[in-house]
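To start, I am sharing the structure in question, which I have written as structure tokens.
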Amino acid sequence: MNQTFNPASIHQAIVEQQKAQDRKKMIVNGVLLLLLMAAPFVMYPVFLMKILCFALFAVAFNLLFGFTGLLSFGHAAFLASGGYTTGYLLSNFSGLTTELGILAGTATATAMGLVFALLSIRRQGIYFAMVTLALAQLVFFFFVQSEFTGGEDGMHGIPRGELFGLINLEDNLNMYYFVLAVFIACYLLVQRIVSSPYGQILKAIKQNEPRAVSLGYNVDRYKILAFVISAALAGLAGSMKSVVFQLASLNDAHWHMSGEVILMTLVGGMGTLLGPVVGATFVVNVEYQLSQGPLRDWVDPILGGIFVLTVLAFRSGIVGELQKFMRKNLG
Amino acid sequence: MSSNPDREYEQLRMSGLHAFYGESHILHGIDLVVHRGELVTLLGRNGAGRSTTLKAIMNMVGRRTGSIMINGEETMQCAPHHIARLGVGYCPEHRGIFSSLSVQENLTLPPVVRSGGMSLEEIYTMFPNLYERRFSQGTKLSGGEQQMLAMARILRTGANMLLLDEITEGLAPVIVEKLGEVLVALKNKGLTIILVEQNFHFAAPLADRHYVVEHGQIVEEISANELSAKQSVLDSYLGV
Amino acid sequence: MTMIFGVPLAVLSGQLLIGIINGAFYALLSLGLAVIFGLLKIINFAHGAMYMLGALVTVVLFDLLGVNYWVALFVAPVLVGAFGILIEYFLLRRIAGQDHIYSLLLTFGVALIIQGVLTNIYGVSGLRYSMPDLFKGGINLGFMFLPYYRAWVIVVALLVCFGTWFIIEKTKLGSYLRAGTEDSQLMQGFGINVPLLVSLTYGFGVMLAAFAGVLAAPIYSVTPVMGSNILIVVFAVVVIGGMGSIGGAIITGILMGIIEGLTKTFYPPASSAVIFLVMVVVLMIRPAGLFGKEA
Amino acid sequence: MSEQYVLETRNLVKEFKGFVAVNDVNLQIRQGDIHALIGPNGAGKTTVFNLLTKFLIPTRGQILYRGEDITPLKSAAIARKGIVRSFQISAVFPHMTALENIRVALQTAEGSSYSFWKSGHSLHKLNERCMELLESVGLAEFANTTTVELAYGRKRALELATTLAMEPQLLLLDEPTQGMGSEDVDRVVALVRKAAQGRTVLMVEHNLSVVSKLCDRITVLAQGAVLTEGDYQTVSADPRVREVYMGSDGSGERGAQAPSQENVEAAQ
Amino acid sequence: AISDNTVKIGYLADMSGTYRDLAGPNGLAALEMAIKDFGGKVNGAKIEVVSADDRNSPDTSSSTVRRWVENDKVDLVAGLVASSVSIAVSKILEENDRLGIVSGSAASSITNEHCTPNHIHYVYDTYPLANGTASAVVKEGGKSWYLLTADYAFGHALEGDVTRVVEANGGEIVGSVRHPFPTQDFSSFILQAQASGADVVGLANAGADTTNAITTASEFGVTQSGQTLAALLLFLTDVHALGAETAQGIQLTTGWYWDMNEETREWSDRFMKETGVRPTMVHAGIYSSTLQYLNAVAATGSDDAQTVRKQMMETPINDMFAKNGRIREDGRMVHDMFLAEVKTPAESRDEWDLYKILRTIPADEAYRPLSESKCKLVNN
């Protein structure tokens, strides 16, 4: 059988294969985009924006967890610090346009991400998760103690303002398309990162860290970069969320939120691109719809049941299982 | 070779054994018989399925079909811990040294399944390295020392059928030589041994019979005295 | 009066003692968690719920059947432990060998179910349970009034902790457990009934949590959500001690009780955050916790 | 080349809690040599490797690379200097294809490894070199196979190819033939010989036939210290080496002394 | 006119979390009782109820209420417990000009800096809680106070109010400790309170924190050693959980108690038949405020927020919940409050017979005077 192959053709096949994958990705992205563009005419825009914000949060988390193998249990800190910063600036400096407020929120989260990363990156496995949790708890403590956050009453009445001083964001549709644009941009960025040369190294580090070290990679730096990007995107999600809802609250900083994003990612399918989006959509929807309906006293146990079921029956998450199914049945 | 009264006793009989890891079908109908006190080897290329055969005996593969009789008892439905209790000692290819236990704890870990195993002193005299390092963490041993430990610990249990996977791997020639002597001694005590080996030079003089495995099937059975006659066949299988 | 940083010595000694008592509680809870994580590699997010169940079962048994405290001290942990074994058998077993994160998700789901269902039955205000008569009152130690019940808590909690440590670190059974967590398949290959061992271990860890719950019933408000906040604190204790180190969990538990107690004296608002500060600092200096072995 | 030795260690010591694993070792490795480190189990060979690549920090002593003191450098920095190792226990990226495994190594030199904004297609230019390397270890047909699915021996071969992709100046191989069938062993021997052209190789190996075929110079370690040094002839003739390491059968073949000489001859 | 010929009421409250028992599902029952008692229809128009769990989350609640007012045409939002939720919801109601009646929140900021022309704060807030309990206790001789304050906005507000009242009455705060929220073990704080030698240990916290603090205080013999416990916010459900034995002698302020008179007893019996428990002041407030709302709709023939609110402000409230209650321009419903003491086990007939009413605190004395208001609707 040594005679039947030749390296050039294998190389060709690999390139073709990747191109085919790219085409598939393009199709999926296109369909997704169309759906999202049309969505506000079918569903309630503020609710859709909530989903998009959480989806972005989960995508950010998954970049670190699903693609780098680092489980952060403190991502709520970034969501909240983005939200509070943007909220504070927009409420107190009326000259500031919305996008600057959001940028500032993102920048704060990015800086905080760098600090978290520097302090935690050397820890392995569960220790890493716990250091990030601990740091996030300290941040939570800071938010509880600070006057500007409004404590458990929260920060209210954040003005949505005008995008670039031009587009009125008080209008829900305008706001929606702005959030959508940001979301799509971030999603494509993560898609790009994952398949980029850098993404390959992340994958390698995730799979066998000592080997990556022995190949001459300073793995800490790669991990820090991933952490910072992830924190920035999480902060961006928080910033946008505070503008959408015009409020920021301690719920976003609580460790339950760090837990929730893990759950969203797992339910959707970790290590897949679409998984966190689907997971966030699913969890936010289930929680919201249940809280409205006749089962509103039973939201927690039902969510609990869903998590149990996910682990037992759909371990790779909704998207992961779907991919498996397609691979099996459609080759 | 010393002729043993039990020589005719069937210690192990595998028939039509198939084994799977998840989706992949690894063993395609293995048939073999090992008598009490015999030492047989499983030879073959990398990936032929020799380790899998041993694991299948221990019920450590994903799924199995066919039949495995140990001491005349069907074991297809048995959990691994029952199989061990039938007197089977397994030394895995990956060594399986426990890092949370000291060397000595590792050594005394497997429960004694039958009387007649070696004592701790005997083992320490056989492997002085282990004695020297007996209080250090199991996985802090050097590669070769771990290999010795993996082998040594099943000698204590009194198992009368040993499944040994690549036990000379990574050992210095002196130790390999010593292991050879140990195997001969064990055989003389009446133990049944199934040996998976890459090191044919080590295995050849010890074994009563050789099975050649390829693509999950037994393709050849060669007894010690036909070895020279079938040398070329063997070479072609092993790619020497 | 002798003062230390503006706090009278008498008050400080009282606070230290209180710290040790709370530490004994933490030790008991984190011990169960350490056993479950250390030995089974299960991140048991249902631990808080099991603690709660221990307390709730005590109260409910009393209300329904008039079962007294002393009986509950044995019966409640056994019942909850048996429940834990069922969870292990029907749920956790199916994900053995998978990434730890799945056990987190699974046990978190289980905790949500247990807490949610019980909230709908018993509400959140708390259930009434009165102190056994034997423990009413206390002694004056000079620097503080020590309720008898707290003295009992510290004694019994430390005894249970020490017993558990001994079994796991010093007995053959313990070495089976430790080895079984690393390579359960091979342990089975040596003739040990690992699945049974795993069930029993999980049940035992859960029992420890429930035992702490019974101890808590007379002194804390018993509600279905009483375990949800204590959970991450206990996790922090286990991590600071070093995952998998049984002795570490016990010592750290007590240490954290003391540190928390001192914080409650000097800067109370930080008393819930201080443990996380300690965790960051400890892991900075010792990446595998105080007593953990580095990988 | 002004320096005669590529790598030198001076009084290298490693202690573990009072146990001396490496004791005052002075190694001198000449440019272009294939240098073997042999010795009984637990002699400290792997530990020396770990010290050279900083997976362990020396208790005392110095490591010089081309005359430069590299003792304080970290693992990754050492790898970037061109000192690359393979592991005793196989080290691959299990969920990547064989080709991707090698590509990761090639990316080090590429300088684009932080480029998170670049397309994945930018890596295809490395594929050709990957295929060459895969072919050289006989794995070309498995280029697109996920590594977990490879048999043990093939994983080892892949690991070697990955290491070579780093274009190392000094190659450290820890038991490269372990777990391989004789067929593969021969391939590896050929491969190492090919790889050694223009490079220096330091290897640990228990298979004496490999050592005798390949190595220009041999250092024997025992109990952490250097026992003797020289070419294969000298070393194998040394009675101390025979006693602690080679055993009674110093023939250079790996294996025990045969209880029955005929069988062995038959087997050869 | 009544929009779409339907009056739609949305009930939003914590159905599953920490505040479940004081409002929760039973609050919905109280609301439905009010509609039934009103006759199920108003001026021939249907009355519909929708309900949701607020998840104690302002953003989930915002989504819910936005949909309610924008899509489902909800006219009134009732319930409203967590203050972050109440404030967030009131902003949305203001934007969309609908009405909200807050029955569960304690924050007095709801009708102060966060006041809007679109909501009413009905049952109680921190101001009278401090006023009632603190002044009564000081007047009885509890001059020196030690405060255990929950370290968040609610606790801080309560602490501020108590300090003001205690000092105004000639008492003094000798010490205080801010404990994290939530805290399970209070022994350390109780010990500090004991060591302070204060006459009174004031609990400026709520819910499980308060019950835990009281349990621990009883365990450590705080009352035996001569100190008085004053809880600033206790609901009937909390006292019920503690039991008379542990809670006896504690003084507290409440807006309503089920066993005050024939009228309250009659309604409470009906409530208990529905739900199996005695109502808290929040449950009674939800019932009362819903009836008042429906009366106003009937009187004006309109469900327009401003029309109804105006009508409600002009109508004094006289029902089983309040006598001579009135709604001020800042949205605060002011009514008499009551100083109560928890009965001893000997005095208590059954598990719900828990309070002795000691004193009535007249409405004008109880609530923050408008002259101190920071509300944008009040001209100061």
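Here the chain labels run A, B, C, D and E in written order, and each chain numbers its own residues starting at 1.
The criterion applied here is as follows: a residue touches a chain if its C-beta (ideal position, glycine included) is under 8 Å from a C-beta of that chain, and two chains touch if they have at least 3 such contacts.
Going by UniProt, the chains are A, C = Branched-chain amino acid ABC transporter permease; B, D = ABC transporter ATP-binding protein.
Note that the coordinates shown come from a computational prediction; the quantities given were computed from them, not determined experimentally.
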For this session: Quickly list, by label, the chains bordering both chain C and chain E.
Result: A
Exercise. Which neighbours do chain B and chain C have in common?
Worked result: none
Exercise. Taking each chain's centre as the mean of its CA atoms, which one is farthest from the centre of chain C?
Worked result: D
Exercise. Using mean CA coordinates as chain centres, what's the chain A-chain C distance in Å?
Worked result: 33
Exercise. Cα centroid separation between chain D and chain E, in whole Å?
Worked result: 76
For this session: Using mean C-alpha positions as chain centres, tell me how far chain A is from chain B in Å, no decimals.
Result: 50
Seminar exercise, completed: Residues of chain C that touch at least two other chains are 116, 119-120, 269-270, 272-273
For this session: For chain A, jot down the residues that touch at least 2 other chains.
Result: 145, 297-300
For this session: Would you please write down the residue numbers of chain E that are in contact with two or more other chains?
Result: 16, 151
Problem set entry | Touching pairs among all chains present in the structure | A-C, A-D, A-E, B-C, B-D, C-E
Problem set entry | Complex contacts: residues of chain E adjacent to chain C | 16-22, 151, 177-180, 182-185, 187-189, 191-192, 194-195, 208, 211-212, 215-216, 219-221, 225, 235, 237-238, 240-243, 245-246
Seminar exercise, completed: Interface with chain D, chain B side, in the complex: residues 24, 44-47, 93, 129, 133, 136, 140-145, 147-148, 166, 169-181, 184, 198-202, 204-206, 224, 227-228, 231, 238-240
Seminar exercise, completed: chain A partner, complex, touching residues on chain D are 53, 55, 75-76, 79-80, 84-85, 87, 91-96, 99-100, 103-105, 107-108, 110, 112-124, 127-128, 131-132, 134-135, 140-141, 143-144, 162, 166
Seminar exercise, completed: Note: in the complex, chain C contacts chain E through residues 8, 10-11, 14-15, 18-19, 21-22, 25, 116, 119-120, 123-128, 130-131, 137-138, 144-145, 147, 149-150, 219-221, 223, 225-226, 229-230, 261, 264-265, 268-273
Problem set entry | chain C residues within the chain A interface of the complex | 37, 43, 91, 94-95, 98, 100-102, 104-106, 108-117, 119-120, 232, 235-236, 239, 243, 269-270, 272-273, 276-277, 279-280, 283-284, 287-289, 295
